[in-house]
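Order as written gives the chain letters A, B, C, D, E and F; numbering starts at 1 within each chain.
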Amino acid sequence: MFRGALGLRRNMATFSGLRLNEVVNVLEKFAPTSLAEKWDNVGLLIEPSTDKHVERILLTNDLTEPVLGEALEKNVDLIISYHPPIFRPLTRITMANWKERIVVGCLINSKALYSPHTAWDKVLGGVNDWLAKAVDIKGIKPLIPEPGTVDGTGSGRLVETNMPISQLVHALQDHIDNSVHIAYAVDHHPKTFVRTVGICAGSGGSVLKGIQADLVITGEMSHHELLDFNHNGTTVLLCNHSNSERGFLREFQSILKERLQEKCEVLVSEKDKDPLQTAFRSNLQAVQQVKQ
Amino acid sequence: MFRGALGLRRNMATFSGLRLNEVVNVLEKFAPTSLAEKWDNVGLLIEPSTDKHVERILLTNDLTEPVLGEALEKNVDLIISYHPPIFRPLTRITMANWKERIVVGCLINSKALYSPHTAWDKVLGGVNDWLAKAVDIKGIKPLIPEPGTVDGTGSGRLVETNMPISQLVHALQDHIDNSVHIAYAVDHHPKTFVRTVGICAGSGGSVLKGIQADLVITGEMSHHELLDFNHNGTTVLLCNHSNSERGFLREFQSILKERLQEKCEVLVSEKDKDPLQTAFRSNLQAVQQVKQ
Amino acid sequence: MFRGALGLRRNMATFSGLRLNEVVNVLEKFAPTSLAEKWDNVGLLIEPSTDKHVERILLTNDLTEPVLGEALEKNVDLIISYHPPIFRPLTRITMANWKERIVVGCLINSKALYSPHTAWDKVLGGVNDWLAKAVDIKGIKPLIPEPGTVDGTGSGRLVETNMPISQLVHALQDHIDNSVHIAYAVDHHPKTFVRTVGICAGSGGSVLKGIQADLVITGEMSHHELLDFNHNGTTVLLCNHSNSERGFLREFQSILKERLQEKCEVLVSEKDKDPLQTAFRSNLQAVQQVKQ
Amino acid sequence: MFRGALGLRRNMATFSGLRLNEVVNVLEKFAPTSLAEKWDNVGLLIEPSTDKHVERILLTNDLTEPVLGEALEKNVDLIISYHPPIFRPLTRITMANWKERIVVGCLINSKALYSPHTAWDKVLGGVNDWLAKAVDIKGIKPLIPEPGTVDGTGSGRLVETNMPISQLVHALQDHIDNSVHIAYAVDHHPKTFVRTVGICAGSGGSVLKGIQADLVITGEMSHHELLDFNHNGTTVLLCNHSNSERGFLREFQSILKERLQEKCEVLVSEKDKDPLQTAFRSNLQAVQQVKQ
Amino acid sequence: MFRGALGLRRNMATFSGLRLNEVVNVLEKFAPTSLAEKWDNVGLLIEPSTDKHVERILLTNDLTEPVLGEALEKNVDLIISYHPPIFRPLTRITMANWKERIVVGCLINSKALYSPHTAWDKVLGGVNDWLAKAVDIKGIKPLIPEPGTVDGTGSGRLVETNMPISQLVHALQDHIDNSVHIAYAVDHHPKTFVRTVGICAGSGGSVLKGIQADLVITGEMSHHELLDFNHNGTTVLLCNHSNSERGFLREFQSILKERLQEKCEVLVSEKDKDPLQTAFRSNLQAVQQVKQ
Amino acid sequence: MFRGALGLRRNMATFSGLRLNEVVNVLEKFAPTSLAEKWDNVGLLIEPSTDKHVERILLTNDLTEPVLGEALEKNVDLIISYHPPIFRPLTRITMANWKERIVVGCLINSKALYSPHTAWDKVLGGVNDWLAKAVDIKGIKPLIPEPGTVDGTGSGRLVETNMPISQLVHALQDHIDNSVHIAYAVDHHPKTFVRTVGICAGSGGSVLKGIQADLVITGEMSHHELLDFNHNGTTVLLCNHSNSERGFLREFQSILKERLQEKCEVLVSEKDKDPLQTAFRSNLQAVQQVKQ
């Protein structure tokens, strides 16, 4: 299947390229994999040969089969997937399962794969700092600072600000370029002013649990977690899991180009997107815009 | 706080009423608590006295503080909350925590509390059968039949049908009277015909995992679960957790009135609602209606 | 049942009273709940409202149903029960179980409940120091000192003394005003002089295990623990569980009155007592007084 | 030490004796060790040689050092100790610990050791059936019947009777020839009639937990277990651990003699006794005899 | 590295070949993977594409790097490695580790990989039955029969025979075509006659533990296991782990050829061998032949 | 059986002897038992009486039944067995099991038993330092240094050297006076020069795992461990478990004699030997001497 796609590869690169381990060193310098959580699986996950040469790189949030198809068509050498496509360890590598098919597809087409995940969440200037830019920042610090690192490194972010909820919702919609779900705290309404905001890209329920904040922004949260935040006086804004992360890829595209001294082409996937879309009901719209 | 509300109670009941244990027997007959999952906490959770008399009953999906306020104002005697408000066991009962405050509020105002939860999920004619009515049903059976019970009892439902996805989405929006989130399978589009549908109200990720179905309907699911379903050829419709359950209360209101022989007044809460609303972006609407 | 008792309440208080949180602060100052063991459940366990006013307090070792009846009849506002009546966490609060009935009884009659338990065991001047007064003390220190606290705080006590066993038995009988059970070490007899005594109120088996002492005093101990102590050269005196603790309540009554500046009335329960009594045989008495 | 005692041995046996494995077969026939609990350590625990000849046997409840001294002085060949002297497994066998010294003492003096423990508790006609004889029995069955065995085998006993508590206490004192401790149920007094009695020799707390009985008889129980029984309407009689078991040895002495066809002499230890004695206070007696 | 070897590939096959799933079906029919132990990882472990065509097959005991080199040079399509090369699950697939390099080498060169392991151990006519042929068999059955399968299936083998140890050693040397290590039971010598023999290819310590046999044959065993067998009267013959298994490959070569109806070429690896060789001391030889 | 041997005891000692605890103090001074691993069982394991007098001592690697027979015949008072004969704790001491028989044999014949095991492995000048003498040492240090001890103490040894493998094999054969098994690293051959050597007497698989060394020497290792070392560039030499330890006994014999000031006779067992011998095939010898 993937091989069939090879005929379509466009030859468009005029970049000198670098050795794979040189690119990995640059990625490690930006966000050391030692920052990642113990349970995570980060770093170079697929290495087709020791002397792999890299001219073109594809950035994606999730390495799905459509994104792999794009990587083959665009003839990239390295895929950087924010989420690790190998998370539960593999005991075999066959065509029977989509995660194994992706490993086969990378290897037989000689694509390297690198995943940063929670290392990018914690690093200063990483995913959470990007997400926080939706807010008018008057002060910012990590929720759980990482010991032995530069200030500003750690899990989640706590932001000081001064905005009404309605304004923050619009700013967040603009920042992630997408819809937002709102769960109001028991005593909040669109005009309530927010002074402290907790931030955690992805599934933030456990990192944000128990913090004192007027509002929290994350990707997804369970029904029972939502009820708890709302009853503890905290409004919750949900972006959908990957919409809280994906926008960082554009920012990282520039960072990486510069750090590679323009020796590699860096692309952002056009096929990568959140799996979830909302089919709203027309007659509900007006109602949803304001709080009953 | 709750006591202050007592002065506002309207005296509107002209029902003869029943003893609490008589009402509990009727509830048990509809859906025995022995059906519930091992980890669940169902049945009579608060009993203010052994001879409690019940004239008015309030049905709710979640017993939040606003709903408790409504129960006091309407002077109900028994609250039936689908989700058990006491889930993590209590080691103390103080004013420091919203869940404990609800227990205090029930007891000092002499409100009994009953929760059915997964007993209603499994029973024939319960929550999952109600949710399945959104689909044009050609055949229906439980995903995990419950041994030793009448046919049709068990966890989740598997429905045979023959509808395009777009039509199913509209039918579901009408049924739950709310918006729906869609995550299309890799090869699906709005016109794809669906023949098998998995149903699980609430958080259906683990019950639905691994089933062979063209489409599944549930309340909420994590990002990584969504990706897995979509890559295994299954489209997912999400209703938000409690919207996949709440509509059953109206149906149950009639059932209960009749089974109590009109001796008690049965109300559905007006304050109970899903904590989550979607703030959509105007310019995204058109795009979201069709698949890119 | 409890409500019926309300008609009997005597109005005898002429105390100005304090807010509940002010009384709790005074209790915390005497013995911080942070001292308690990890597995324990101490502090304010039932709080009927945030602005509870306290004029009368009842001290008890165990909050049994007879003691709750006494609390209602005497119209106290706060019960201080040394043992926490809520130990295994509750998943429901009904009339089906005596522990749940006690919670219901407190809440519908607006009684607050506080339990100190192992915080009082460890504190300097607490339960173990009270129990040690049965011995002629030449030196005293905790068996397991508590790190980061004032000297003398910790689990159990080790006392230096110089008394024959028979004299110590009589002194202990006088101190706890009750019978005492004796298990002699293999080489001991009533006239053996004791120089070191281990003390642990309640069930002291695990705290006292392995210490070097001529004699230990505790509330209860299993048959096999007794055999181990006796074979390691240690005589054991048992008081029955709560008799090793209850006497402290009289001492604490004075302490609390003074610390509350006489603003609250402090009573000791008349219904609280150890559930165990000994029915001795007349003809065995003489034999039991001396060792065979 | 033990060797020094050898000079004192009296030569009083005129019994032909049996091989050790023949005696073990007789013991196994009375109560198979397969009946014992999984966590127990029963059967032949010390075997000094494969061809050990047995002329004299000593029965004891606990093999303490005084009992071992008695065994040496009386020159017995086999000790049957109801409780296994080796319970926690041994990693060494030295003179530093009383349990290890007993093993050394048996081996260097060629004494075999056998322990039946929970096999005797469960067998029909064993320890619990003996203890039940204190009650006027109108019906009797095991609390937990043992699957695959003859009727009447299992853990604990449930006895039907019809006696006032005061009469049962005296009957039990006579049966065990010792004092008894009483914890009255909340609504009981000496004249309350008892219809069902739970029996469990030793530490009966967990076997008896949750049974429906007016009264239970066991050896020892913790303070919190006592409170639970008393609040659930059950009076508790405690005999001290080994006094609930020891009396069976006299009964077993006759059984064993007959089963060995008088080929071995069977003695009951004179040194074995419960480590616990009660030192009562004279002025409390009258009070303790009746319930306040 | 592996790619460099491609130039050397000889084109020598004139076999029509079969689809990979057809070959897998034949392998499954010989020994169903459902026979394998729960902890094992068997079946098709690497599948480079769903329509893989198989003309040439290489059998090996272990898939080491030299064996993979041989597979590339001989241009085989499928490697059947008795031991699964993926045992601990993989979290990444790079050049940093020999096991991962083998996965990369298979995939980029489109080699499929199948491992039977404990399915072959248990099947009738499998590895253990082959190893047993070293013995003069008078009777044979599995040590642990597999429920629900044909007679003769299961773990290990128990063989009845009648040979002196010395003769059995020579027969085993001939059968495995290699040296053998002997650990004599305490009372055995070369002329001792053996009547029962336990057989377990590989590391047989746990399967053989506790069996009653005069002699056991396995691949490897620890020092402490050896001492236990010898003291329980059992002589042990060790072949080295893979020498107890490898000889079966020749036998399986014929079986497979026939079952594939000669449509595929089946080779046995020439590079596969046990990693261990013995460097004996000349002057010890004579001594080692006889027992001191 | 053991008793029967007593008649054969030769009276050959003319040593004044020492008390057992004095000998134990000397042994503890050489290698404190506090050095041993947490899971180990070391020190004085059998002590027949507190005042045991020691004139003759037998050193052995393993205390098997033949070695115990030797101890009885030579009338030694103390056996020092490198491996602890009691490892899995005992729940009984009978004739049914060889390990229990050895305990019985020691006690009824009044033999004391001491085991040092991992304390000797770690101590400077102990078992691993002795094994390392096979190598031409240019530098040596522990693989895992023991915190808080003198330099050179710890688990395993890392030796710097400069020898071809073939020379090292011969030196090791001479040092242990026995055959050696070789598993060559993928790129090694007999003439490869070795610069770093890992040493671990006994079963060294886990201590040596992951170290960077050209060659490792240990007693035994599993097939799968061998493959891992060989693919990571490390040649493995195996001595058989106890041959990697036993030679130290001769060295320790001199050390102990001197430290006991010649007051006790110190013997090395003549019956103790590795249970494993190799029955090589004549025609394989030449082949095994060189690598194919």
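We adopt the following convention: contacts are C-beta pairs under 8 Å (C-beta built on N, C-alpha and C of every residue); 3 or more make two chains touch, one makes a residue touch a chain.
Labels paired with UniProt names: A, B, C, D, E, F = NIF3-like protein 1.
This one's a predicted model, so the numbers in the text were calculated from it and none came from an experiment.
Asks: Starting at chain A, how many touching-chain steps does it take at least to reach chain D?
Replies: Each step joins two touching chains, and the minimum needed here is 3.
Asks: Among all the other chains, which ones are in touch with both chain A and chain E?
Replies: Common contact partners of chain A and chain E, which must touch each of the two, are absent.
Asks: Go ahead and note the Å separation of the Cα centroids belonging to chain B and chain C.
Replies: Distance between chain centres: 47 Å.
Asks: How many angstrom lie between the CA centroids of chain D and chain E, rounded to a whole number?
Replies: That pair's centroid distance is 57 Å.
Asks: Where does chain F touch two or more other chains at once, residue-wise?
Replies: Chain F, residues with two or more chain partners: not present.
Asks: Should the pattern of chain-chain touching be classed as line, ring, star, complete or other?
Replies: Contact pattern: a closed ring, each chain touching exactly two others.
Asks: Around the ring, starting with chain C and passing to chain D, what order do all the chains come in?
Replies: C, D, F, E, A, B
Asks: Once bound in the complex, which stretches of chain C touch chain D?
Replies: Touching chain D: residues 62, 64-66, 83, 87, 98, 169, 173, 178-184, 186, 202-203, 219-220, 222-224, 226-227, 230-232, 236, 238, 240-242, 273-281, 284-285, 288-289, 291-292 of chain C.
Asks: Provide the residue numbers of chain F that touch chain D in the complex, in ascending order.
Replies: Going through chain F, the ones touching chain D are 3, 41, 43-50, 86, 88-96, 103-104, 107-108, 110.
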